[in-house]
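We call the chains A, B, C, D and E, going by the order they appear; numbering starts again at 1 in every chain.
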């Protein structure tokens, strides 16, 4: 999983039928100390994340398992709001 | 998912049988403010996107779920036409 | 999907049983105007591509769906011979 | 798989229901001689790894197979504690 | 698939139960002419590869299909020993 910060909303009226009513957010992935790593991407949000929230994101085809009863064509989903990260480098 | 702009068409007469009649477009992925990120790739289009459209694309094996009744060997699909992106960096 | 050019053959006598008789080709991925992008990789070929052909390749676990009746441990497959690419950058 | 060192804990109270009670660790991937490669990521831990441990991590949708009875939306899991690595470059 | 050379062994006594008795090797991926590309990673070996062997490796969740009767949490597997590579760049 990646940790990142929600930086925007994506609006798309015309889309695949299965995706109607779902919310998509832009996420900037970050390292454990908060520095940006890699490029931003769009993730499905089902837990009510908002701009500025630090979130944990699952990528790839595992993302579809947040909704069990239908197989959605999505490749990234926010799975948690991060409370804190303890980092210790040795 | 990635957001990007459709920049071209790919024509391939000789292809795997399952893919006959499908439309493939070249997409240049972009960051939330429109700057190009990473290299262009080819995505299946089922919703009628055209050159210049800003689209949302799912990559990896989740892409196949846009068509439920047969398992297509595709790894990228356009899932929506983007109306707008609101970005706020903190 | 990626577009690329077939640049070589890979020969491997000793391999997993399911893969006996299959043909593997080295592909150099390319951008829409033909410039090389990223590093070459090996793809399964079932449609008779040869060295110098421009091909369309599916990567990741979707690749296995070109053969429905057994689940092959492959992660890249040539799905079409590219006739032409129309690119228009705006 | 990647080999890496556990460098931190991630705490997330509000998360997808399936993930309640699971432990997530930040891992810095490393090459065979211990030099850091690529960026850190978060992995599920079920075998009791702790900060400073050298671990082997599976990424992508295969990660979900560590728990067979439910399909978790996770994309990385620690599958072993590394005792030693023998490297010989030729 | 990637072609690469086996450069080391990974030993892990404490690991997920499904993985007991399996052999894991470090592989350095290489381009068609043998130059190293990308970073080394760990792959399951079932066909008896050894240090110095040139191998073909499948990555991602397709890797699990080398063992059909149980779904292993692995993301890379050696599928063949490479005899030779013929490269012709045009």
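Quick note on the criterion: a residue touches a chain if its C-beta (ideal position, glycine included) is under 8 Å from a C-beta of that chain, and two chains touch if they have at least 3 such contacts.
Computed from a predicted structure; not experimentally measured.
Its C-alpha atoms superposed on subunit C, subunit A is turned by 145 degrees; the angle is given in steps of 5. With centres taken as mean Cα positions, subunit E sits 19 Å from subunit D.
One inter-chain figure worth recording: subunit B and subunit D are separated by 31 Å, centre to centre, where each centre is the mean of the chain's CA atoms. Taken residue by residue, subunit D touches two or more other chains at 60-61, 63-64, whereas all remaining positions touch fewer.
Shown here, the protein chains touch around one cycle, each chain meeting exactly two partners.
From subunit C, with subunit E next, the chains follow one another around the ring as C, E, D, A, B. On the subunit A side of its complex with subunit B, the touching residues are 5, 7-16, 18-19, 24, 26, 28, 39-43, 51-52, 60-61, 63-64, 71-76. For subunit B in complex with subunit A, the residues that touch the partner chain are 1-3, 31-32, 37-38, 46-47, 56, 58-66, 68, 77, 79-90.
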